[in-house]
Structures are given as C-alpha cells and as structure tokens.
Amino acid sequence: MIPAPAFLTNPERFMAFSRWAAPMFGAIAVVLGVAGLWLGWSAPPDYQQSFTVRILFIHIPTAWMSEFVYACLAVASLLSLVWRQVLADAAAQAAAPLGAGFTLLTLATGSLWGRPEWGTWWVWDARLTSELILFLIYLGYMALRASMDDEAKAARAAAILGLVGALILPVIHYSVYWWNTLHQGASVFRSGGSALAPVFFWPVILIVLAYTSAFGSLWLVRIRGEVWRRRAEAAALRAARG
Amino acid sequence: MSRLGALLARETALAWGKGGGPLVSVGFYAGVATLLPLAIGPEPARLAAIAPGAAWVGLALASLLSLDRLFERDYEDGALDHLVLSPTPLELTCAVKCFAQWLATGAPLALAAPVAAIALGAPLNLAPLVFVCALIGGLAFAFTGGIGAALSLGARRGGLLTAVIVLPLFVPPVIFGGGALASYLAGLPWTSGLVLLGAYAAAFVALGPLFMAAACRNALS
Amino acid sequence: MSRLGALLARETALAWGKGGGPLVSVGFYAGVATLLPLAIGPEPARLAAIAPGAAWVGLALASLLSLDRLFERDYEDGALDHLVLSPTPLELTCAVKCFAQWLATGAPLALAAPVAAIALGAPLNLAPLVFVCALIGGLAFAFTGGIGAALSLGARRGGLLTAVIVLPLFVPPVIFGGGALASYLAGLPWTSGLVLLGAYAAAFVALGPLFMAAACRNALS
Amino acid sequence: MIIALDLRGVAVRRGGRSLFCGLSLSLTAGEACALTGANGAGKTSLLRAVAGLVPLEDGEIGFGDVEAGEARGGGLHLIGHQDGLKPARTTREELDFWSVWSGGDKASALAAAESLDLIGLLDLEVRRLSAGQRRRLALARLLAAPRGLWLLDEPLSPLDASWRARFGAMMQAHLAGGGLILAAVHDPLPITARTLEIGA
Amino acid sequence: MIIALDLRGVAVRRGGRSLFCGLSLSLTAGEACALTGANGAGKTSLLRAVAGLVPLEDGEIGFGDVEAGEARGGGLHLIGHQDGLKPARTTREELDFWSVWSGGDKASALAAAESLDLIGLLDLEVRRLSAGQRRRLALARLLAAPRGLWLLDEPLSPLDASWRARFGAMMQAHLAGGGLILAAVHDPLPITARTLEIGA
C-alpha cells in the first residue's frame, strides 16, 4: 500500500499551519474583494443590462466556487477512503456546507438576474439544471453524514458518495448540453479572447481570487473546528468511561 | 395527555430523524420536480401548463414514499404490541401516528410545493393556493396512506402493496386539488375544489383511524 | 454457479413476492400514469406532448420506490452477515442482487411502459423505442439505485435518504432516454441518446457493485 | 391493579392446529407461575392470548374484579422476544418514551435505569447494546411503570449469572408487593413459583 | 478445512472504548471453547471479529494453514442472535437457499431438516415458527454445509431441555469429525470444552 502523505498523518502540523494560514487567507480575501468590488462598482453600467450587470461580480465567482469546492471535497474523500485519514475526512465534511452555500448563492443570484434578463426566475436549461443537481448532491452528502450515528461509518459512507458524485457530476454537466441552452456559454475565458470588456474582466478575476481565498480561510477554520470537536468528543468519552 | 404527547414526540422524531428530516424530504421533492422537465423537455410554455399539476403529483408521490414505514417497523419489532396494550384506544394512537407523519413530512413538503411549482413556471400569485392545497392535501395523504400502510402489514412487499392500495385513495384529493389550481389559473371559481379537498381530508382524519386500528388488530392476532 | 443461481432465485422471489409481484409494480405504474393526467387536466394535445416523458419518469419513480429494501432487510435481520461469509465475492453478490431486482421489477415495468405512454396519447410507433429505453433504463436505475440503497444502510430514514442520494444518479439516464424519445418524435436522429443510455447503464453495471460492496462492508463493520 | 388471573378451560389454535385445550390456572396476588413445555408447545401463544393479542378457541380468561379490556389496557406488561426497541434511537429516548407510554414518567424511568444499571448506556443507540444490555432495557419497562401482572417470555435467557440473580430479586419484590407473574421458561425461575407444563 | 484457530494478543474497541486486549487462544481440531463473560464483556464482538466483520484494534487472528480470506469465505459458520431468516418465506425455501449458499445442496438440506426435526414445519412461514423452532432452522445451516469452524452466539438459549441435549450431541459429532467450536454462552455447554472468560 502506498504510504499516506505526511500532511495527512500529522494533524499537529496541520493545526500549526492553519493557525496562521487561515487568518492570512482571510486578509487576502478582504483586500482582493474590496479592490475588485471597487473596480467593479466604478465600471460604467452595461449598455444592455444597465445596473443589474453588477450581479455578475457575485454570480460568476460563486458559480465557479460551487464546482471548485466539490472538486476539493472529492479529493478529500479519495484521500480519506484510501488512507482512512481523519484529517482528510474532516476536510471533506467541512467543505460540504461551504459548497452547498456557494451553490445556493449561485442559484439565488442567477434567479435574481434571470428575472430582468430572461423574464423568468427559472428555466430548465442545462447549466441551471446541473447546478441544481449539484445542490442536491451536496444535500445528499450532508444528509447521509447527519443520519449516521457512528462517525467512522458515516465518514466512509460519505467518502464513497463523494466519489460517486465526482464521477457523476461531469456526466450531468455535459449531458445537459443536449439541450438548447439559454444560459451564457463560456465567456470569461475562451479561445479568441474574453467576451467580457476589460472593465468587467479584471474585477471578476479579482473577486474570483477573493472568493477562493475566502473559501480557503473558511475551510481551514472549519477543519480546525472539526478537529477540535472530535478531540473534545474523544476526551469526553474517555472521561465518561473512566 | 402526556402519553399522547410522548407518542407524538416519538413518532415525529422517528419520521423526522435526527439528521435533517425536512431537508431530506424537501430534497426528494426537488428531485422529483427536476426529473419531470428533464424527461419532457424544457420548453417553458409546455412546462408552465403542467407546472401546478406536476408539483401536486410530486407531493402525492413524496408522501407515498414516506408512508411505507408508518406501521411496518412497529409491527415487525414488536412495538405495536406495546402500543396496543395501553389505556389509549388504538384508534387514537393511529391518528396520532398519522398526524405526526404529516407534521414531520407533510408540512415541510407543503412549504416546498409552491417553490417547485414556480420553478416549473407557474405564476407567482398561485403560490398561496398551492401552499394551502399542499397543506390540506398532505393531511389527506397521511390519513389515507395510513390505511394502506396498516392493511399491508404482514404482507410481502409491503411497500409496493401500500402504494397500490393507497393510489386509488389518493385520486380524489389529487383531482380536487388539481381542479382548484386549474380553475384559479383559468380565472374560474376555485373555492369549491378547495372545499371538497378539505371535506375529503376531514372525512379521512375522522374515519381513517378506525380502519387503521382494525387492520392493525387483525395483523397482530 | 449454482450458488449464484440460488441467490438469483431467492432475490427474485423476495423482490417479486408470492402475491403478484409484477402485477403490483405494474399496478403502481398504472397509478402514476393515471394521477398525472388527473392533476394536469385531460386536454389530449397537452397530454400527448408529455406522454413519453411522463411514462419515462414514472418508470424512474417506480424503480426508486422498489429499491428501498434492496439491502436493508438483509442488513437488519443479519442475512447480510451470511451473504458476506462466503467464497463468492461481495461485489458479485451485490451485482446479482441488482440484476434480480431488475428482473423482478424492471422487466415487467418495461412491458408496461409502452402501454402507459400510448394510453396517455403517444403515437403507436413509439412503443418499441419506449420498451427498449425502459429495459435499458431499468438496468441503469437498478444498479445506480443499489448504490444509494447500500450507502444508506444503518442510516435513519433509509428510504428517503436513498431517494435523495439516488435522484442525481437517475438524472443522466432520464435525460438520455427522454432525449432519444423526443428526437424520435421530432424525426431527428435518436440513436445517440440510446447509445449514451446503454453506455451509462454498462458503466454502472460494471462500477456500481464496487461501491455497493464497499458500502455494505462499511455498514457491517 | 390486577390481583388475580383465572384461566378456565382455555384452548388455543394456531394455523389450523389445536395447541392445547382445557388449560386452567388460577393465580392470586403474590403468586408466580412458570410456564414450561417443549419448543412449539404454545407458551408464547398462551402469553399472547392472556394479553388479548391471540384469540381464544375456547375457554375464558378472567382478571379477578378487573374487566378484561381494562386489564389489557394498562393492567399488565408483556415482555417477549421482540422488544419493540428502535435500533436508531438512544437508550434514554426509548426508556423515557416507553415509561411515559406505560403510565410512568421520566423520574421513574431514571429510577428503573438505575436499578438495571443502564445509566452509563443512556446515550448509546440501542443498536449498539449487547444482547444482555438490550434485554435489561426491555425489562426496565416493568419497573418504570408498575402494573399488576407481568407476562414474561423467556426473560432470563440473554442475562448473565449475576443479572439473573438480580432480576430474580426484582421479581421477588414484585410478588411481595402483591403482583403476579406468568413466565415462559426453559430453565427454572430463580424464585419460588408454581409450574404449569403445557402440552405434556 | 480449518483445523486450527489462533488468537494472538487480540484487542477490540467498540464505540471508542476498548472492550478487551491481549486476548490469546489457540484451538486445534476437535477442540471446543466456551466464551464466557458478563453482559457487555465483548463475546459477540469477538465472534464477529473472528469472522472478519469487526475490525481488530490490535493483534492477529490466524486459521492455521488456511488464509484468513479463504477461512472467512466459506471456512466457518457464524450463528448469532440475528438469524437472517425472512419471516415471509417458508422454512423450506430458507433452508434450501442457505444450504446451497453455504456450499451444500438440497439433499443435505433435507438431511439437516431431518436431524433437526423440521420436516413437519417445512411448509410453514418462518414468521409462524416458535422461538425454538426458528433457532433450530438457523442451526440447520451447520449441518447442511459442513465447515470446519463453528462460531456460535448463545446457541442453546431458546431450545428446550431435550433439544439442548440433542444439539450437544451434534456438537460432539462435529468435534469428533475434526471440527472446532467457539461458542459464547452464559450456561455451561453440554460438551467438554475449555473456557475463556472475557473481561475478567
């Protein structure tokens, strides 16, 4: 069997690292976010979309994060399944609500935006449907975890589900392209240059980076909390049993 | 009274589970509402036409799915024996069980139903009616479903059998509720559908427990 | 071999039951197909447009409803212990269980699907395609559903949890099958949808048992 | 409270076969009776018939002055093989509920848990209890809500030696308080009891 | 066939608590061991650990020359409280299936039914069997498909006196044929067996 990577086997090292890394990512997120928002807000209103274009600065980053977080969750699931490492499991568990939150934000901002843009809150279009299913997968993951009593069992079951989800997500993502779609195609990055005007492009990039570091910070904090919770539980168990 | 309160708490807890009960049922409901447009195509006009009806059928199916275990577990593990050997009449016990089922799953589903209908393209002003229909309908589904669940005790394939027994009982509320929604959309008088739905629910809240108790006693003997 | 044969016979019998197994599942299916027009109104044009899709979703939901117990009973009554303590690899055992599930409920449902579609108003010449889609789709539903059933072992509210886990897995086959049916109706090329459906089913027939076996072992430990 | 049990010419039939007939027994306050008999003789069926869950083919079952409906609705306890405990709920939840349901309250549930040494297990799910611990939880109902007549179906089998003795003492205390016990057993009861052999 | 069982320094932990540790035992062909201990000591857990269903915290379990995977895949029988019988199927259906699944066939199933006096019950649903009859059906597996090591969890409890003796004779025959038995019990086994007390 391949040995587990050192950062997994040594929670102490992780705790030491995250102690300073979490606040640092948080600070970076604030700086980038403020810069991005300021740039974005000072941009001229779009000729077509007027003021509502500014939802873009929340919508695109949250949409990307919702997928990125699932990738993190899947990798953590794999690590915890192969090496049975509690730290990886804590990471997967900590990521799920964050990812669900980003997904929900994407759905909400998209809906808010869809109303003025498409004249409807919701259409059964490819992107939207796959995003909704991503949300369902997050919900299923959390529900599975929450409904098992034994932590070790819950961890392995959830890790299996995390991997199944990783297999299925791309399939859903692409299978819905069978449908003629209303939603925007790739426009930030695409061959032949961005479709976004530079005034929008740079703020979006800044805010995406801000979201990523915000996620990093929150994730580390949540993993730390998870580690503390498990330690406290183990200690309580020891104390109770004498 | 404290006995019935304890039963209500237990049944709700069993139906709800510790880990996010309403979350789970609402998630399921969202899933049902998602599959339909995937299968019949996303054209908004076509979808909008069937939106309220589909949300409504989704509610019935979700209730169906959660009914399955109303009595069966208690029957199989012997808890029903103990529930019977009590000063509380079995009819009342059955009624509390169904009511708890409705509290734990019907009510959250009723909250989700308007969302699903609007997501499928129903007009916004339909939402309150969908909610009320779902709330009352959920009561009817819980109490009619309980009859099926009790009747199929001890049968093989209890789950599917429940479904087959229960579906005919679900037909009238589905028609009444669907009719009320359709009339409302068409600008016609819609209260009669709602009243019929309420009357149906009331009748089964009153009569259902009698059948359930008889079926349970029969299964035990 | 005779061991697997015996397992297949037992699982089919358990899924089928003595009391009219296929009858029951087909009855349920008929129920679903009747509720939908009741809820959305009987206008033929509107119904015909959604007929194949509704039949298709009905199939998915019926599979869902019957999946519930694939592993749970064996887990709760200890039979899974005995199934594990055998020279047959658990992966193969899980695969046979899913296959039996498909034989007992998927196949009869596939026979009923074209009838339901035509009853709802789909054109007659669609029937063979509906049958083939339902047959292959049923296989995909059984093997993906098995994953959910195995994962929710030992969880509270297994049934609904299964549904929530499984619905996302049902989405691609529903899309592929629904797409094939819609393209056929529109006179467009439809084979690719069928091929994708087949590929998806094949992938899960191959991979599903691995996940199921891992989940079962985890639940037992 | 039930202070007498009278079986007069009782006959029970299961699956078209008569298990026993003409069975008579009368117990008064403070008496215990051990029901013995080979496997399949009908001990469980008789206990369930007394509880009103199995119909009588013939004969009568009386509970002294207490009406049958009242006796069966809160006058007796039946503890069988199937204990009605939900694997996914905690010991505390199950104990509290069944205590209140049987007419006790949470305080009496706690007292019962103390007598049966379940305090340390209260937060464990029932699924995780060992066979003996689970049986103790099932028996806790007897103490949590006092009822006159105890119908016990092989109550001792998964208990270890020390718990058999302790439960024997509990049965003794129940009898001393004017209770009645009818217990199906294969091994002798750890209390003085009459014996009724079925199907001999 | 398994002809030896070796536990070396075995430790098992359940729910964050260590049940026992440093447990060692070695059995060879023809030997039986009675596992005793208070309720909750860990007897069931140990049997399941031997069967590979519960992970070991520490130590090793060996089956002589037989590899662990092979031993657990068809070399041993585990009969616990939960018998895996479906209430709605008939005795015959269940017996035949489990016999074939364990490596026997329908003829051996019939022979086992004969030894355990189940012939008259073959067409009854399992739900209707009495506790002792049902236990006999569960034990029929042992005879229908011969395997070297028997792991038995309180096998005698719902059996009546005559069946305890008869099953004792069956265990004796198994040992005489070179088999091994590890049985968790609260009462003495009706055969000569070593005793291993857990958690003493």
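To keep things simple, chains are lettered A, B, C, D and E as they appear, and every chain counts its residues starting from 1.
Note that in this section a contact is a pair of C-beta atoms (placed from the backbone, for glycine too) under 8 Å apart; a residue touches a chain by one contact, two chains touch by 3 or more.
Source: prediction; values computed, not measured.
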By CA centroid distance, what chain is farthest from chain A? D
For the copies chain D and chain E, give the interface type as same if over half of its residue numbers appear on both sides, and as different if under half do. same
Greatest separation from chain C - chain, by CA centre: D
Tell me, please, which two chains come out on top when C-beta pairs in contact are counted per chain pair. B-C
Please tell me the distance, in whole Å, between the geometric centres of chain A and chain C computed from their C-alpha atoms. 31
How many angstrom lie between the centres of chain B and chain D, each centre taken as the mean Cα position? 37
Chain B to chain E, mean C-alpha position gap in Å, rounds to 45
Residue numbers in chain D touching two or more further chains are 81, 88, 127
Residues of chain B touching at least two other chains: 17-19, 24, 27, 31, 34, 38, 41, 76, 155-156
Shared-interface residues of chain A (touching two or more other chains) are 129, 133, 136, 139-140, 143, 147-150
Complex contact set, residues of chain C against chain B: 14-19, 21, 24-25, 27-28, 31-32, 34-36, 38-41, 46, 49-50, 52-54, 56-57, 60-61, 64-66, 68-69, 155-157, 159-161, 163-164, 167-168, 170-171, 174-175, 177-178, 182
Quick one: which bits of chain D touch chain E in the complex? Just the residue numbers, please. 14-15, 37-40, 44, 81, 124, 128-133, 136, 153-154, 157-163, 186-187
Inside the complex, what are the residues of chain A that reach chain B? 120-125, 129, 132-133, 136, 139-140, 142-143, 145-148, 179
Help me check something: in the complex, which residues belonging to chain D touch chain B? 51-55, 70, 72-74, 76-78, 80-86, 88-89, 93, 96-98, 100-103, 105, 141
List the residues on chain B that touch chain D in their complex, please. 2-3, 6-7, 9-10, 13-14, 17, 73-74, 76-88, 220-221
